[in-house]
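Consider the two complexes below, in which subunit A is the common component and subunit B and subunit C are the respective partners.
Then we have the complex of A and B:
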């Protein structure tokens, strides 16, 4: 079995995301399962552009997981999505 | 206190950002009456009874942002646009800082202790044994509390091995240290402004958002739009509130339209020096303990409730006061705007002639969003010479003020320090008896908010996040500051 690729996670820390709950996602060391944490490369990045789309269905904060942008992110939702991505 | 990360915070910030966007676009007066509908669209699943009530609440949040006193000035027949027109013409009077929205108030029932289904009706029955009023009875194999006799001491909750006893508080009443928040005859919240110290704890606690701050944002954005020379006085707590360094935050402020930026930590240096000098004088004259004077909610507490502490307070101006003097010295024409985490600072600012406006960090965040300013994208601004006051950025943390005073005091090891880390009901009771029994300390550092200003009512992020982002994204130094105090006490 080849070594699994690590999941790339980009937390948007543009002002809109940061202010509307994105800041809490930066505590990932505390709320993520250590096994999941070990399988991810997490970084804070500048505005992903999610908030600039007038037709967007979801709202800040946005997080990009393996190339896909997810909105309305919470600590719980991030735990779930990352666990799925890591164990996939 | 309510967890900062909640639906109400998100809604409030969205409302603020939308209003400010429209203001800078010059369309606020035309758009404002449609904003509640835009923000609460038909498809929304309502958190309150229905979308119409939510829209009504958005209307009140907009009024609060305009600085309108909802208790006295609410006229349901008046359109938001006519309120906006009034505010554009003339700034609202500042006091009182807080106002209540009675229709948002859920009129919570009086606080009570309740024994839940988790009760196993155990043999030991520690609840029964420890209740001082004999108000616990057993029926159907479970304990019950007689509300009429219960004195809400909480003993039963402490001793229950199954955690079956719950305390159901009235959040606003419980949060107020001075019993200024009460319910009126109809059961709706009311604030006694004769008692209120503007600490903002009630507003931070209400899960229905029924107590709101009358914002000071409009006078400031009017100054910015008119392109006046405006100096931003940034509180020491600002570092860690935004995703970026202090230098980037400064640049973001310049990009938002402020003409210059002064760190209030600079004024904090003067405050520390003044207090160190005053402390040494008091000590040599054997005058007893001295308290700090930088927390404006504490200043209100002394003025309204603990007058005997008046002579105990340091005579130093607050860091904001000294920073404002610096700003006016550099440019006598400049308008000064204090940007901090504090509501009570507006009470202090209204008494000083040197402060022209006050913003909270949360309002600044909305301003950044409205102006499309991304702190992280900013270049680094030059912070100037900061060596002499860098340690004063710790004024934002409990223990930080005392450690700055001590580090400017010749014989620091002779001084014993008592940090008051947050004023709740119990601490207020403790302070009341200082009149009769003097606290055993030379220097008492008082901060109304637990943890210090980084936990104030106007912050963007909770303290754990702020601490992570402070000190150039390294872990901050509050531990060090606390250690020096513990050391000083020993």
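Then we have the complex of A and C:
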């Protein structure tokens, strides 16, 4: 069995995301399961562009997980999505 | 903006056990004719009495040096006005006035008047410069001793320093570590060594170093007030702050060109702006997750730019901190702290303000404090000019 690829996670730290819940997501070291945390490469990104899309269905804060952008992110939602991505 | 900057600062330690100083330092800038006047006066005795004498002397000397009156006449007026000490039956306070004018070119002219203070030192780079002041005998009626003023006209070029101190410095350590005190030569060689070790040492640091050394020679129990003032003529330290994307995409390249050609520190404030700069300079942008606080998003790192921060939140917090003169050490380790540190280390700050409207900030859920960029920059400039005496300028793109 080959080595499992780590999940790339990008948290938007742009103004709109940061003030609408993004700041809470940056505390990922505190709320994420260490096993899940160990399987991810988490970094910040200055803007994912989601907030500027007039047709966007969801709202900030945005997080990109393995190339897919997810909006309306909360700590619980991030835990769930990352657990799924890491254990997939 | 000026191509020359005159950095003036002073440091002071009161006589051991005193809560008020008998050395008084005054500084005024007259921006209309680029004139700076600094006055140092040492009153007879110590504590409140000395402070009254020194304050009176310094204030009068200071005001009179702005008037066209002959300086010997001013000195007579000061000495005739001083109150008489009850114990010693004399009225006495020393003073040094430095009238500093920047006229044209890269030279600064200093009109120095000294009365009974240790003579001032001048350093051109690391070299000490010696000169002979013109002596003027006041021949005042009712004087209890001969009163001689020293008058000198000096020229300071870039890299020169003028160091003025009270006798608390030259007499430091007298009878303790040094039989005759630190003396003028001691202060001169110490200051020279400090400049040699750090040729760009700021006025604040040099004055602080001299005063601390004098204090340690006095075994941390100063026998007199120790005051030192330094004037340092140097090239201004410039900082460029770029915030907001240009109004049209065509100007992106102009903006990046301005950043590239700027000589000094560079700050980019704004996520979108940083992305534009990163793309056009072909330098990757990396968010530094170690440097943020719940109120301020993280900084980013980009080669060639000294500081990359988020835009409106960071700037509004910087404006508040500068307006309230919050000490840097009281701030959390975030972008605001780094921003303020760069501001404090600069003499001139130039703002390039992008005028593009950010669609993402038009959302009613965004806090009110994310106001209009232009207003925010106006507040920043006012705080920098009023509270920190920095020169600022601004352009829109």
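Everything that follows uses one rule, which is that the second predicted complex is superposed on the first by the 88 of 88 C-alpha atoms of A that agree within 3 Å, B and C clash if a C-alpha of one lies under 4 Å from a C-alpha of the other, contacts with A are read in each partner's own complex, and residues count from 1 in each chain.
Criterion: a residue touches a chain if its C-beta (ideal position, glycine included) is under 8 Å from a C-beta of that chain, and two chains touch if they have at least 3 such contacts.
Keep in mind that what you see is a predicted model, and the values were worked out from it rather than measured.
Participant: For A:4, decide between first (touching subunit B), second (touching subunit C), both and neither.
Facilitator: A:4 sits against neither subunit B nor subunit C.
Participant: With both complexes superposed on chain A, which partner does A:20 reach: first (subunit B), second (subunit C), both or neither?
Facilitator: A:20: touches subunit B and subunit C.
Participant: Is subunit A touched at more residues by subunit B or by subunit C?
Facilitator: C
Participant: So, A:43: does it touch subunit B (first), subunit C (second), both, or neither?
Facilitator: So A:43 only meets subunit C here.
Participant: Touch check for A:87: first (subunit B), second (subunit C), both, or neither?
Facilitator: neither
Participant: Shared contact residues on subunit A, subunit B side and subunit C side combined as an intersection?
Facilitator: 13-16, 18-20, 23, 26, 44, 46-47
Participant: Show which residues of subunit A lie in contact with subunit B when the two form their complex.
Facilitator: Against subunit B, subunit A makes touches at 13-16, 18-21, 23-24, 26-27, 30, 44, 46-47.
Participant: Over in the complex, which subunit C residues touch subunit A? Could you list them?
Facilitator: Residues of subunit C touching subunit A: 271-272, 274-275, 285-289, 292, 294-295, 297-298, 300, 308, 310-313, 358-361, 363, 365-367, 370.
Participant: Within their complex, state which residues of subunit B touch subunit A.
Facilitator: For this pair, the touching residues of subunit B are 5, 10, 13-14, 17, 242-243, 362, 365-366, 368-369, 373-377, 460-462, 464-465, 468-469.
Participant: Within the complex, which stretch of subunit A touches subunit C?
Facilitator: 13-16, 18-20, 22-23, 26, 42-47, 51-52, 54, 59-60
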